[in-house]
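Lettered A, B, C, D and E in written order, each chain numbered from 1.
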Amino acid sequence: MVLRIDDAYIQYGASVMAVQGCSLHVAEGELVSLIGQNGAGKSTLVKAVMGQVPLHGGTITVDNRSVTDRTFSTVRNRISHVPEDRGIFASLTVGENLRLGGITRKDKSALAADLERELERFPVLRKYWSRGASLLSGGEQQQLAIARALLLKPRLLLLDEPTLGLAPIIVDLIFDVVVQLRQEGMTILLVEQNAVRSLEVSDRSYVLQAPGKVLGSGSAAELGKLPAVVEYLGFSAAEVGVAR
Amino acid sequence: MILEFLISAVGLGALYALLTIGVALLFGVLGLMNFAYGEIVMAGAFAMYLFRDQPWFVALLMAIVFAVVVALLSERLAFHPLRNADPVTLMIASFAVSLAIQSLARMTVLPRTRGVPPEDFLSHRVDLLGADVSVLDLLTLALCGAMLVAVAWMMGRTSLGIQLRAAAEDFQMASSLGVRANLVIPSAFVTVGVLAAIGSAVLVARQGAVSADMGLQPMLIGVVGAVLGGMSSLKGAALGGFLLGAATALLESLLPTDLIAFRDAFLFSALIVVLVVRPQGLLSGAKVRVS
Amino acid sequence: MKKLGPVTRTVETPVLLVGLVLLAVLVGVGGDVTIARVATLAIVSVVFVTGLSIFSANSGVMSFGHVAFMAVGAYTTAYLTIPVNLKAALFTDLPGWLSWLVDVHAGFLVALVVSGLAAAAVGVLTSPIVARLSGLQSGIATLALLLIVYNVLNSWTDVTRGSSSMIGIPRNTTIWLAFAVAAVSIAAAWGYRRSRSGLQLQASREDYWAAQASGIAVGRHRALSWILSAFVCGLAGSLYAGYLTSFNVNAFFLSATFAFIVMVVLGGYLSLSGAVIGALAVSALQEVLRRLQDGQFTGGSALPAGTADLILAAVLLLVLIMAPLGLMGVRELSLLRRRPVSGERPDSGVEVVSEPLDRATQGVARG
Amino acid sequence: MLSSARPFSGRKAILAAAAVASLVVTAGCSDSASDSSASDADVITIGFALSQSGNMAPFDVEPGNAAMLRIKQINADGGVDGKQIKTVVKDVRSDPDTVGTAATELVADGIDLLVTPCDFDLSAPGAAVAQAASIPSVSICAGDPKMADTTTLGDYVFSANAGSDVEGATGAAWADAQGWTSAYLLQDESIEYTKSAGRYFQAEFEELGGTVVGNDAFPGGDNVNISSQVARIKGLATKPDFVYVASWNPGGATAIRQLREAGVDVPVVGPAALDGQVLLDIVGDGASDVYYTGFACYVYCTGADSADLDTFVADYEAEYDSKPASSYALLGYNMVSALAGALADADSLDGADIKAALENAGPVSTPIGDVQYFSDTCHKIIDMPLSVVEVDHGAMKYVDQQRVDSIPDIGDENACAS
Amino acid sequence: MTDAAQLSRRSSVLRMAGGGIHFDGVKAVDGVTLEVRSGEVLGLIGPNGSGKTSTLNLLSGMLRATSGRIHLDDHDLTRSSMRQRVQRGVVRTFQSGRVFGRLTVAENVEAAALGAGSRRGPARRLRDEIIDELSLGEVAATRADSLTAGRIRTTAIARALAARPRFLLLDEPAAGQNEAEAVELITSIRGFARRRDCGVLLVEHDMSVVMGTCDRLHVLDSGRTVIEGEPATVRKDPRVIEIYFGKRH
């Protein structure tokens, strides 16, 4: 199991619970999506995996190592995070941003090959290689963020709302890339509000309800049989099928 | 005469630019407007005094060592625990650090002003295109110019430079990509220590005096120059510092005798005017993107 | 909305603060001459930081230049209260257009008000700077203002006596007068805080662009609070001159600025209560440290000279590390129980937005 | 009714108030610690409010040490008229407010005489406190002429130094004695001391028949760059006989260094504030023909050949394990000699009697010769023998002793001028 | 009755003619002409970086146009500051809310009412009205930075309403909202546009919000106008499908 979250509790401030007893897992090569409304605790959970928010109960392990361990490092365990705000360094060029993606890697020749592959995948990045990243559009920045994350050669890729605020045509492109990565065997946890599209592409999905409780999980078809999930999402799995 | 003035003005500008980028670098990486910067310069100058009887390169080397050690100690003891603090808090903390280092220096090694004799070769004058120019002015220009180029190269081309700039922009993202805070922040302080030490060596060569409160001037120069340049880039900071130095030299040669005492008033009035006309600083685009 | 005795709520904080200052007065009156002196100077500091806080607590902009207003107040008081015959001896080289200064004379209360007005006039002249600048730029511009005023006072020897001390000012400041001015200043600061202008300025402190987008004339309100705070700081300068009877331009430079900043920051620079409590606490601490260093608590064995400065710097650092917004943060002193406002109970299904600590720097702390 | 106030829970508020109150009370109560046995008939108590820390400490520490040394000697010799001198010392941390507080405390303790810092601006708040209590105060070495003016701070205020007016005039007199007739005045604008040194130099030099061929100024302080001033000196049609640098350390030394580096090689003369090892270090081994009017020549200066000075230095070193670093130390030593002499003549330890005794005392014997200290119109020294010291290739050499018996009246209400 | 209130009775138009701005030589908005009328909702859509937010910034006065003119009826606003425009009734919101964090909700609203020129008494009455209308009563005395995300958005809208807007410029108000919330938002935007006879410019990505709310749509690409028209027409336009929706929709 690449990622396992067991009965996680995460607290904001003194009293507010953002995540209450959430459990989920992602197996090797799986594309798992985490869907739910704004405020359900999805991003909080991802940040907890990255160690950016403290865990108040339960465990999170990556490859059977607890992320709250003092010696645990997301970088050494090759967890790549594409945050909600993309985390692009606006004052650096596209090339410099990409260079940072592989900053910890020692295998320089393999890195060069990986970089070449990502530039094939995202031609726009090659085109704007020496341009300031701030001059890219939102969709281009998202591609840069994903490409940069891939240069870490991630064991686990955390994509937090990669389509937020993007034009529909870019949303399509991003989902295409996600599908492509899954075919390449990447292990991915995808956080999305767009439930329909997420269910479409994922092996399994978890539906999260505030405060960070799993309402149901499984494939699109399985979830469609859970009345609570259907009520919460506002549509049934059958409709997902229609959309597909 | 004109050439002499130019070389001296450009030399002073280069020295000020050097002092300014030290301040701007820490502000970029940590959001720290370091009022204790002058005390790092003072540490370097103290080494120049302590090793005044050694060859100049030994003294310079020791100045770098002393300044770097003081810079790193201030990071470890004061700014490290404040890494999560906002810029105003950091700035005020640096005030406290400045006071503490000054008091300590005065209580221990620098109770009074010390003199550092001039190096012989710096006192010579050379003929340059008909102008009688001092070696010190030429060296100031060359040394500070070389340091500026070196810093520009380091920030723009090396891996450390890219990491520093990335960390300056978004520390959390940088660290999740594997940029190590405990590498980047001390590196920034080391760089600042080296810059301050070079600055202190030039200052000592020009002034010959070392005292516990000598840091005030370089600190003011650095802070004012950095804000003048716009705080957004090291390039802007260097330009701000350079203009400050050149303006100082210009005022000193143009002001009549009975107004020379008001040099600072003229200088800082000009600064305020520049700030009011261009609040974003000299080298910063008119870009406003608000979401 | 729960009604909580509106009048009590309105005046509670200033009354408590004035009470605190009164406590300092009583300590001063009850103690020996040295205590009385320290207490009086502490109350003058209260007036100054109250003035400073009118600007910085409401606008959120730190000023390094307010000591210049204090200087203007002190010099004005000197000019108005030094006996005319002594003045004629002190200022022999006044330029012609200022020669009338030798003959003017005023009672101390008039001098006090005029000193405030003179400082306010400098405030009016400089208000476009703060109206236009924010953040660091503003901080540096105010620092530049201090450097300019210091340079002029220090160099315009014919008029300001330059680096020579201003002397022969009659002693008019009593501890009770200082207390009265402090009380009025606190009331004025509190009144401004709750005024239309104060509310709009606080809004701009929270978000400059959103305030602009709400039609708030940020520059105008900043200028207004700047001028009012200049007035109060001018009063502080006047009290200072009237108490010490002689002063030097160096009293209004960086070390004084640092001392006042320590007060305001220790107490909490976004809160009036913080400023007042900070001024009293730091004044008391300074005196304790002075005596400690002189050996009054350690049975006569004096500590190494300079220890007091070191301890002061260390205390400031510790407070900053433990409470970055100072002891009071943005709170005001209050004894009445109020409903908690620390956080809305989250509606089910909605994530609370306030971030745990500081998101941007969590990674740093880990690193 | 809405409030912008953030509630602050009652318990915390009380804690905060209690913390402030306890600090205030601690500050208040500790007072009983200082005992007051000053009115003891067999003891003369002198309060010292000096800067032992802060940026002005270098000016006060050595004169203070030397004063303590002299007091110890006097007490060992049986005291003043059989009375021992007792000292109470407070560090004023280079802060004018603290000077006032310390003076208030000392006066309350019942001192008979107050010694204030070596700087006019720091002395003034202390002198004002003593003046109000009719207790004489003596600045240990303030050089600003105003310090001694009975009309400025008051008639109980004295300075145990000659002042920059005397120093400037003495420099002029010595230059005139060398046969130099044209001077260039380089004026440091940073402090009053340097400004009046320049003014009185020019007045005396012109009175003696010399001409000041040029007059230039620089801002002074510790960031000195006089390249444009240098260019103007070098641009003069005829070289002046010498340059008078009315400045102080370290800025003055830096200015001289920059003059020499730029190739200005005429003699340089300056006031006593240039004195000290630091001048030698800053101008370096290459510089020569630099003169200043100091108080004495010892330790780092050779050629005075005075057994008295050697004894002073030896005693000082025996007491403090280091030699004095400037000639200001001697001023503190001499001051105590002067005070002891006057106190011996005083009718009582009443302030008015001590003041009268100070004004009427005769010349005081010091290691640099006899010095007449105070008169009833002039509360400082006029007839002070200044030692002209030459800086020559890394060494300081005694040249001559120079005195003036009066200073010119330049219309600035200086009570000591004639 | 104030002048502003009287004015809002008349139907009026906020118009940008040939507006443009460039940053570092890059034309962010290039000769865009559009107008919003009282009582209608105009949707401004387009791919990322197409100049939507810049257009909104030009209209609100946050940026000064480098070319073109902006008029409110007969008043030339091209050179007016953001504040002057607010006082004329052109009010914007921000994507992230940008409430005054350490002020209470009530103070947020009152400050905005004062900013738009109300005196103290009327400002407080207006504040209470708006707080009632948007059901913010129970959090009125709560600090805005401790509110929930939804309440922050509501507070930001309440603040905009306190300026008595005649034209409201909304910057992605539905960003990060679920569909139920978005539906609620549509209703309230349409509601206050009608009730207050207020013109609304809506910059939005969420097509369900845009389609459900807007009377007309204006589509931008690379800072230029692609098409303007009824939602149904725009939706079918081949150029819009090409650059924005993509072929799949």
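Methods note: a residue touches a chain if its C-beta (ideal position, glycine included) is under 8 Å from a C-beta of that chain, and two chains touch if they have at least 3 such contacts.
Nothing here was measured: the structure is a model prediction, and the numbers come from that model.
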Practice problem: If every step must land on a chain the current one touches, say how few steps get you from chain A to chain B. | Solution: 1
Quiz item: Within the chain touch network, how many edges lie on the shortest path between chain A and chain E?
Solution: 1
Exercise. Return the chain pair with more inter-chain C-beta contacts, choosing between C-D and C-E.
Key: C-D
Quiz item: Looking at C-alpha means, what's the farthest chain from chain C?
Solution: A
Quiz prompt | Chain separated most widely from chain B, comparing mean CA positions | solution = E
Practice problem: Please report how many Å separate the Cα centroid of chain A from that of chain C, as a whole number. | Solution: 51
Quiz prompt | Distance from the mean Cα position of chain E to that of chain D, given in whole angstrom | solution = 71
Quiz prompt | Mean-CA-position distance for chain E and chain B (Å) | solution = 46
Quiz item: At which residue positions does chain B touch at least two other chains?
Solution: 103, 106-107, 170, 172-174, 176, 216, 261, 263-264, 290
Quiz item: Counting only residues that touch at least 2 other chains, which ones in chain D make the list?
Solution: 2, 4, 6, 53-54, 57, 189
Quiz item: Residues of chain E that touch two or more other chains: which are they?
Solution: 62, 94, 103-104, 107, 110, 140-141, 143, 148-150
Quiz prompt | chain C to chain B touching residues, read off their complex | solution = 62, 128-129, 132-134, 136-137, 139-141, 143-145, 147-148, 151-152, 154-156, 209, 254, 258, 261-262, 265, 269, 304-307, 309-310, 312-314, 316-317, 320-321, 324-325, 357-367
Self-check item: chain E - residues contacting chain C, complex
Solution: 60, 62, 81-83, 86-87, 91-94, 98-104, 107-108, 110-112, 114-117, 120, 123, 137, 139-143, 145-152, 159-160, 162-163
Exercise. Mind listing the chain B positions that touch chain D in their complex?
Key: 1, 4-5, 8, 12, 52, 103, 106-107, 111-118, 120, 122-123, 125, 132, 134, 136-137, 206-209, 211-214, 216-217, 248-249, 252-253, 257-258, 260-261, 263-264
Quiz item: In the complex of these two chains, what residues of chain D are touching chain C?
Solution: 1-10, 13-14, 16-17, 19-21, 23-28, 30-31, 33-34, 52-54, 57, 90-91, 93, 95-98, 100-101, 104-105, 107-108, 120-121, 124-125, 128, 132, 144, 146, 151-153, 189-192, 195, 411-413
Exercise. Please name which positions on chain A make contact with chain B in the complex.
Key: 50, 52, 74-75, 81, 83, 87, 89-92, 96, 99-101, 103-104, 148, 152
